[in-house]
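Each of the next two complexes has chain A plus one more chain, namely chain B in the first and chain C in the second.
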Partner chain A sequence: MSIDLIKNAIVLGSVYLLFATGFTLVFGSFKVMNLAHGAIMTLGAFVGIYADNVLGFPIGFTLVVAAIGAGAGNAFLDAVILRPIARQSASTHAGAEDLNPIVATLSFGTIVLGLLVQTVKAVDFTYKQTDALAKPFAFGGLTVSSLDLAIVVCAIVMTGLLSLIIAKTRAGMAVRAVAEDRAMASALGVRPNVVSAATFFVSGAMAGVCGVLVGILYSNVNVTIGDHLLLFGFVIVTVGGLGSLTGTAIAAYLVALVQTIANAYFQAAAVDLIVFGTLLLTLLIRPNGILGKNALSAGIARR
Partner chain B sequence: MKQSIGLVQQLRRSAIALVAAVLPLLSLPSGAQELQLGGLVSLDGPASFVGIAAQAGMKLAAEVINKDPQRYLGNKSRSLAIDIRNAGATNSQALALARDFAGDAKYLAILGPSLSPQALALGPFAQQATIPLLIMHSPAGDRTVAGNYVFAIAQDGERLADAGASAYLKKYKDTKRAGIVFGSDNQGNVLIANSASKAFKAGGAEVTQFSLPFSSLDFSNAIDTMKRANVEVIYLGQGSPAITAAVQQAERVGFKPRYVGYGTMAAPTVLKNVGNALDGSIIATDYDPSLATPANQLFTEAYRKAANTDPDTYAAQGYATVMLVANAIKSLPGVPTRAQLATALAATSNAESVLGSGTFSFTDIRTVASPPALLQVVGSELKPYRP
Partner chain C sequence: MINFAALGGAGFLEALLIAVLAALSQYVVLRAGVFSLGTVGFMAIGAYTVAVLTVKYHVAPPLAVLCGILLATIVGVALGALVGKLRGAYQGIATLSFVLVVERIIALWESVTGGPFGITSIPLFARYGLLLATAAGALIIVIALELTPTGRKQSAVRIDELAAASFGTNVAWVNLVAMSVSAAIGGLAGAMMAGNQFAVDPTAFSFGLIIATLAAVIIGGYRSFLGPLFGAFVVVALPLLFSRHQILASTIVAIVTILILGFAPRGLAALTRLDGEFLLRLFKGPLRENRAGSSGPSLLMPVSNDGGRVLAAFEIARAYGAVRAVDGVSLTIESGQIVGLIGPNGAGKTSVINLLAGVVRLDDGRVTVGGQRIDTLPAYLVQRQGIARTFQACRLFHEHSAWSNVLLAATSGRSRSQRRERPDRACAQAAMAFTGCLDLADRRAGDLPYAFQRRIEIARALACEPRFLLLDEPAAGMTQSEATDLGDVLRRTAAQGVGVLVVDHNVPWILSLCDIVNVQHMGKIIACGPPAAIRGDPQVISAYIGGYVEAHEPSSECGNANEAGVGA
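Presenting the complex of A and B:
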């Protein structure tokens, strides 16, 4: 296996990690399988396109604007759709056996994409202000672009920071408390709605950053860019152990490595067979995922 | 009493039905004839860029024709309407829509589809349903046109790949190593890759192939493989968004080969997005934007005005397809039938067109008679290439 393949796997794994971290954060905290996560990422990518193509922002600002846009979209999903549904069903972000949140997030994602299609049509856009990320660096026999480095650094720093915040800070403690027992946390002075809004915002913001970086990496932004990642994100968080950030990180790089190797040595039709076959095997050996204690109940708090 | 109320109601209903039936007729001028065509293009999925452009071209052609029906349809009381539907990315969706068109006698012909796997699937259906089908993306000429109702208005992919690779080797005679990147899950793309490979090998080049899903935009492994193989030229058979992605990903790791491609590479969006990275590349395609004919001038100006961008190959194909049908209709008196239209289309010879060198003829097997247009990229601009 060449060093190029490992580099490509690390870059791809970092993309998956950026996407899947927000996905698993929401599940770990509120047991909500947010099937709108792909659409939120796409929304972030288009907010980024507006900042880049129309406002001419430099790429750093574009990332921030996209993060805010996607974060706000996800917080809106929480405040306007998920919480009222939870109240209606007399449970607060009810457990995974409650299908309403899944249907609600799926519907919300479809509506977001539908609105985007109406607004931008099925047209492909590209980021323009990306010269800063186009520079190649040579390390021995390996050439890495500044974009590759930016993606890896973003993924590791953002996921690492999130892990630290959740494990070591008061805010993280509040998230863990709400994840553990919402009613008890509320009785102890934690404001679950604020925690919930903040968690959804952070999850969406990471998706937004992912959307911009993926849009630059693949030179394209269209309304379908989130579809493929949602499938892989779903698989990664399941294999990693639902709700486990460390498990998600391991799974993201594992899936990327298997996919990269399969892509390099086999015909396209065999790639999915190999990737999903490996994942199925992983789940057969570890039914709760790589670091999951209980696939449906282990949260970040239990790490 | 009850009986007379019932009679009045019945009379009223009959009168309403009569008015409803007559009203549409009154709204058309006496002797007016609206000719209805069905359009099938992919407006979503990985090849939506083809369908969207083709749709714009078809609509524009209908507008131009309806402004001067005497000239384009041979009768001032005729008009052309195109019912364009989204064939999506699957054969089943395209087939279902084609069945709708074929089952409704008002549709004279089907224009499309714009995806090569759909073209292969729809040919036999159209032949069986005896409705003219004008395919706008043809992977393999003689295998695409399944019978006398099926026409390929696009150069077949194998021919384009062969022409592009051969022209490249004529320009860069010392080429030792060539690469081919293609989607192995797309039948048309596989045929194109095989044809390009054959042409490169015939020219003495060693060929490295890399396949990936047709919809994939991640070319990192493909680029690394090509870079390691030290290829001087890469044949890219993907869609326009994927070509932009591949070329930019190669640039980011400092790899600057030349490229060969077809219409997808000639799209204005690709040339704009990749800057000078395609400089020196060769493209074999259906449409030469620099074609200096009144028809192309009219098309280009009208398209720029309508779409606010330059037309690409697929817009030109959409436009040319409608114009070809109009040209065939023009030769038919009275109300044309599907069978008459198929016969008239087959007889198309040297019809004015924006494709090829300005005229269009079908071969005996209803494929494109003229050779592909050869273009070269100079800087970030397309120029005609004469080997």
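Presenting the complex of A and C:
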């Protein structure tokens, strides 16, 4: 295995990590499988395109603007769509294991993409102010562009920071409390609506950053870039164990490694086959992912 | 603006009928609590089997369709067995990846499937008439399944898997049945799609179709067989209505979907009252009439004459991490006896019940019924040894009526011979009459006040005609008089020869009720004996107030154990 292959796997894994961390964050805390996450990432990429192509912002600034745009979109999803639906479901005893939020996030994703298509049409865009990221570095025999470095650093720093915030700070404690029991947390003075909107914002912001970086990496932004990532995001959060940030990180690099190696030898459909096959196998061996909690009552499944 | 003409043609009706078949396949699993997204994979298998057989091997379409259904069903059984251990989102994602794997295999296997170009010139056998007939047939099968005991168990498993297992439901089996039926209908849907469209290619079975099928059932609702019909109509008709505004169409459909979710969270079908339970009542006649007609026995069947049976636990133990919740507990319950288990919070009382009922695995020790080991059995088989239970927090199937809660237990919780001896409905009715909640039969369980839910839970346990009844805090939250009534019910139950174990906090109530009382503290049984002996036991008093108490502090009133201790 060449060293370039490993580098590619690490860069790809970091892209997946940026994408999947936000996904895991929302799932882990609010048990919402956010199928709009891909659309939110695409939204971030296009906010970035606007900042870059039209306003001519430097790339660092573009990243911040894209993060805010995508974060706001995700917070809107929580406040305007998910929360009223959850309230309505609760008032009619629709049950906790409800699938309504999944369909709602999916529909929201469709709306976001529909409006994007309406605005930008099916045209490919590229980022222009990216000279700062084109600089190559040489480490021994390996050449790394500053874009590669930026992606890896962004992914690791943001994910690390996030797990630190969740585990150590007051804000993290509030998120964990609301995640565990919304009503109880509000009885203790936490404002669940603020906490959930903020969590969705952070999740969306990471997707937005991911969108811009992916757009630069592939020198192409169009309305379909989120689709494939969403599927792979699924695989990663599941293999890692839903709701576990560490598991997500392990799975992101694992899936990227499998995919990069398979890419070197097989055509695209076969690569997908290998990746989804890996997912199925992982779940058969570990029904709750690599680091997922065992929520299943042993007495029912045991033979 | 809105293109109503689009709904006029045969094209719309054919698309709708195929969508109905797909949605029925999805509905069968969702109503059983199996979160499978495999439908589209089964459709792809059905469609490609028909395409390959008719085009390459010139097989007659009816035979090809049968082959498609058969192959899809075989794959469905295999997939169901594989994902049977997964739950919730994991099940969804595993089955989703199954669909993607099927799609990729089709795209790669060019020699047979034509790869990305697909197969063309499929004979057009599935026109409007045939589609209508198959959709109607599939609907009838789905409704028929819903009305069988298996179908009712499936809905119970969706609402509360653990409670369903505690009433003799083999969860793995009813899930597998759901998966197989879903696969068969999915295969049929795919076969019809192939016979309707002249050509198949892998892009037809994309992520988009998975989502549309799922959305159809969510929009329509998975609590009534009308759901997939309504939902399929919405997802097929809406895009056509707005087809003149291509880009906006998907956005408008999404907005309408969100509005439906917001205003009818249980799906459009919930706006009608037509569902499986309604049909059951229609076919079998309303319960009230039946009740008025029968002055039948309101007592339970006496327990079969092998009355010498004993439920016994020997040195059972279970630790959660470092906490030894149950630490070498031994106790016996003989038939006709009421045995109490009391102890301070966290003593491990509920854990004992869970161990006896087979919900939690033993670390050590064994549980026997009449000398036969039962601790290696899964919960539903433990139940079939004649052990029924209630839960600390009420676990009724809250969406069902009180009547169908009890009826389900009478159906799934009794042996064949018991069911022959006394019909399910008579048994359920007797159990409800016995606990005095017959007049609540038609109410939705989740809407009842707590004390009544308790009674129905006990009626549900009694409807299994158990040999042993395990009650976890049955009197919690009850007023004094309600608890006294409950005590009468339990005494009458024991008089029929049932062995009863009661766990509760209400010490005076337990002492007045039980023949034998066990006291558990920190996982261990610290005292055991008739109430009179327990009343004055110094160790018991010390456990309850947490300090050392003079040995001879007999309190005449058992209920004042606490105060007596504090006073001393």
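Here is the rule we go by: the second predicted complex is superposed on the first by the 286 of 303 C-alpha atoms of A that agree within 3 Å, B and C clash if a C-alpha of one lies under 4 Å from a C-alpha of the other, contacts with A are read in each partner's own complex, and residues count from 1 in each chain.
Criterion: a contact is a pair of C-beta atoms (placed from the backbone, for glycine too) under 8 Å apart; a residue touches a chain by one contact, two chains touch by 3 or more.
Not measured: the values here are computed from a predicted model.
Asker: After superposition on the shared chain, which partner residues are touched by A:L12: those of chain B (first), chain C (second), both, or neither?
Answerer: first
Asker: In the overlay, work out which of chain B or chain C sits against more residues of chain A.
Answerer: C
Asker: Under the stated touch criterion, which partner chain does A:L273 make contact with: chain B (first), chain C (second), both, or neither?
Answerer: Only chain C; A:L273 stays clear of chain B.
Asker: After the superposition on A, what does A:A264 contact: first (chain B), second (chain C), both or neither?
Answerer: So A:A264 only meets chain B here.
Asker: One more residue to check, A:S145. First (chain B), second (chain C), both or neither?
Answerer: First partner only.
Asker: Is A:D4 contacted by the first partner chain B, the second partner chain C, both or neither?
Answerer: The answer is first: A:D4 touches chain B but not chain C.
Asker: Pick out the shared contact residues on chain A: the ones touching chain B in one complex and chain C in the other.
Answerer: 267, 269
Asker: Would you tell me which residues of chain A are touching chain B in their complex?
Answerer: Listed in rising order, the residues of chain A that touch chain B are 2, 4-5, 8, 11-12, 121-124, 126, 133-134, 136, 138, 143-148, 217-220, 222, 224, 228, 260, 263-264, 267-269, 271.
Asker: Hey, which residues of chain B end up touching chain A in the complex?
Answerer: Going through chain B, the ones touching chain A are 43-45, 48-49, 52, 183-185, 211-218, 220-221, 224-225, 227-228, 240-241, 244-245, 248-249, 251-255, 269, 273.
Asker: Can you tell me which positions in chain C touch chain A when the two form their complex?
Answerer: Those in contact with chain A are residues 30, 33, 35, 82-90, 92-94, 96-98, 100-101, 104-105, 107-108, 158-159, 161-162, 165, 171-172, 207, 211, 214-215, 218-219, 247-248, 250-251, 253-255, 257-258, 261-263, 265-266, 354, 357-361, 378-379, 398-399, 446.
Asker: Which residues of chain A touch chain C in the complex?
Answerer: Touch list, chain A to chain C: 27, 33, 35, 81, 84-85, 88-89, 92-95, 97-100, 102-104, 106-108, 110-111, 113-115, 117-118, 227, 231, 234-235, 238, 242, 267, 269-270, 272-273, 276-277, 279-280, 283-284, 287-289, 292, 295-303.
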